[in-house]
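Some structures are shown below for you to check.
Heads up, the next two complexes both have chain A, just with different partners, chain B and then chain C.
Showing the complex of A and B:
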């Protein structure tokens, strides 16, 4: 497992800069790891303290390392345009990067991720002035990346591309609506070995999710192997008028695309 | 460049790790000097001997002996029903067999991938037995074995977990083998407790060995399929068995009556998880409330229930 983690990193998911010691068990090593990740992901841009701008909620100790629910919230008055979630010690550390569109609400984003070992997680917000702001949480979980392909993945593969949308409460025009998008996809991370062929199940993961409402962008998400099997995205959008249609386009690393359209009814209809 | 200090110092020596349905808790180092508790088996039917595992997490003081393991003596061979939770646990089991019989140990059944059942397998290599497992066990062991071993050594001490032993005889659906006038039926199950559960049935005594398809007293851990587990229990109830050896709990219970608590817990998980999904209650909030009415009925409830709910939720939300 360790070997494959390292191999994945060296293979260039983030470039050679991340081919460092994969076991970072003390504060200094963790700080160094985050420093290298910053360089790899954000280049030389300065990242400031995100206190008051961005919050990351994650369980201190995960119940299931293959499905760790996290929530990122940002302050409404800070003009956040996008967020990134980095799981420092995962083989694919950049779990997701999200850009919010004109009818997206940057205030709320929920994801489910895999966690491979005890790690720091960083959430980074970008504001409209081009500045970056970070916050971090330490999460105790292990083994989520190499969780075996089981019943769940078989069902995911059989129904790949199927989507569900759940709305929290009734939608009212002009007010933020909370929604949960569920995508059937095994999100194979390339770390699961087929015992018969001695080959790793090839990586195949959700790379892009585009969500729009009546033609206006809600969000654009770039995913990676750290998202859980059957990715679930919680988000908010701002419908100008109702009823309307929420459209979703998913593209995975095999360039397969899946589309879905969901009617969002007006309140009371 | 950010140079903020990194929060939350790690306390590696006191880590508590959840994996594969088993939570291993590190102990204070003073316990490392301790020796395993006494190893006692009980003859629950003629020729069937069972060691009751303790309802605790693997620790130095129990040498990983937390699952029910045992052996069946036939006319000309011995079958081990699970080799134990560590190399020492397996060695203790082997010594217990030798106190009962000198017949060759021809078969070592590895009921599923979880370490508390199979890490004693290394103690039986000297007997050159067939190591028997579900057809999906090799894959599960390839994916988790090394990791389980590493975590178990963190608890028991270096070199004390035991080797990862691969099965040499795989069961795809069902098969029967003979211990000499004693036919043992082996059934490979669909995803249930794990995706590689193997059960045994000794026709002569009417004894079923469901392994971890049956938990009694210790809270079940879900690592396969919730609906699948309930289905497999229905199939097991149809067998002409009168008693069963749970994977955890008493050395024997009446069958099928002994599955009542497990079925109630699993049905509660199904019903309350479905209700939470319908009510748009998120997965995090769900783990805090679902099945809480079961809390006082099970040992180690809080160590496993939240994880079971997480598993149940992700299985049922696609219905």
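Showing the complex of A and C:
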């Protein structure tokens, strides 16, 4: 909590007044941007090379900049406790931060995000020893031309807070189960114009998602405006016993909360 | 006039979802400035000006050193900023380009239009025959609109580069981080 407040304060300082040196050396400019973001989000903590610990999968060229699929995987034997996804050149760079609970599986996380311009993305893993480990990927997608609020958002607003859960295969007690959660939410980033009213739709985004299984935490996600309309979270959890209930609590930036509960049957039942 | 604009906006809004997907065929040129969604398929032509591809632009830059005007929209800071994790990202553009943000928007305040006229005048050294290249991002109407405005102001050699910054990057050419020029209001 303290850390994220600090991050927000520092990011606030990186406003338009921040002088970014003119440079034709793209790599140097990108490294400088990541350095600034690193300081803003993680403070003075050093971030080591994440090779062998964390991988980030994203399409090299995304067809739809408003819906770029991202998969983060981490090594099972490295005691990863949380991950963060940073889209360096987005106006809201910290797309999501996730902490995994006792029945969460840090090995796998899938998200869909918005990408403003050609950018580096960084995925950072935190391990139980408190160390940070990073990996990066360059993604070519450009949605920086003020995407309008479309019919998708209107439909999403009408059903705001509705959730769907899809389990991949049958759940077996003691083994990781992969699941995909879809949350109906327009996730307005405050930069989209309503073409009818000619007004900008106020920012309203999914801020917190808490997922638990039979009372034990699976994961806690803090989101931001870079998550796509109708956020989709792919994750794994470890059911101790089946059947059980997967519960989801969502809170958005307007402080509206939404809850859902899903039965997870035992295999063969 | 106002009613007409609103009616047009409604028609455009209805087609917005398909236009944003990127794979759509080029629409015909609108009769004047486009006031629909900025993001979407753009025309293949611009009456009164010339459309440039990346190689043609590179050749023009090498031969004549045209005025390069980037009109990419300025990321708008949301008013009800709750989380604060918002910062204007660095803006990459063609080396030597001047960034005049938002002058390609459909409806712009008179003050912005006056500023655009004044900036173009200064950048061309008050020479209406000076080559002027206008661009932003792919599938973005801002550059089409701004080029249209320059044509309407009487510039004789207006080049529209629809592939924009990303088209330039895709060709492997270098870009540089530039700051927006300060405009009134």
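By our rule, the second predicted complex is superposed on the first by the 237 of 269 C-alpha atoms of A that agree within 3 Å, B and C clash if a C-alpha of one lies under 4 Å from a C-alpha of the other, contacts with A are read in each partner's own complex, and residues count from 1 in each chain.
Methods note: a contact is a pair of C-beta atoms (placed from the backbone, for glycine too) under 8 Å apart; a residue touches a chain by one contact, two chains touch by 3 or more.
Quick caveat, the model's predicted, so the values are computed rather than measured.
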In the superposed arrangement, does A:207 touch chain B (first), chain C (second), both or neither? second
Partner chain(s) touched by A:168 [first = chain B, second = chain C, both, neither]: first
Would you check which partner chain A:127 touches, where first means chain B only, second means chain C only, and both and neither mean what they say? neither
Please indicate which partner A:190 is in contact with in the superposed arrangement: first for chain B, second for chain C, both, or neither. second
For A:140, select first, second, both or neither according to whether it touches chain B, chain C, the two together, or no partner. both
Please work out whether A:92 is in contact with chain B alone, chain C alone, both, or neither, and reply first, second, both or neither. second
Under the stated touch criterion, which partner chain does A:48 make contact with: chain B (first), chain C (second), both, or neither? first
Can A:230 be said to touch chain B (first), chain C (second), both, or neither? first
State whether A:63 touches chain B only (first), chain C only (second), both chains, or neither. both
Common ground on chain A, meaning residues reached by chain C in one complex and by chain B in the other: 26, 63-64, 118, 140, 142-143, 146-148, 150-152, 193, 195-196
Hey, which residues of chain A end up touching chain C in the complex? 7-9, 11-12, 14-16, 18, 20-24, 26, 29, 33, 40, 63-64, 66, 88-94, 116-119, 140, 142-148, 150-152, 189-191, 193, 195-196, 198, 200, 202-203, 205, 207, 224-225, 253
In the complex, the residues of chain A that touch chain B are 1, 25-27, 30-31, 34-35, 38, 46-49, 59, 61-65, 67, 69, 110, 112, 118, 120, 134, 136-138, 140-143, 146-152, 155, 159, 162, 164, 166, 168, 182, 184, 192-196, 229-230, 234
Touching residues of chain C toward chain A in the complex: what are they? 9-10, 12-13, 16-17, 20-22, 36-39, 72-73, 75-90, 92, 95, 107, 136-142, 165-166, 169-170, 174-180
State the interface residues of chain B toward chain A in the complex, per the touch definition above. 1-10, 12, 15-20, 138-140, 142-144, 146-147, 151, 191, 195, 224-225, 228, 280, 282-284, 287, 306-307, 309-311, 314-315, 317-318
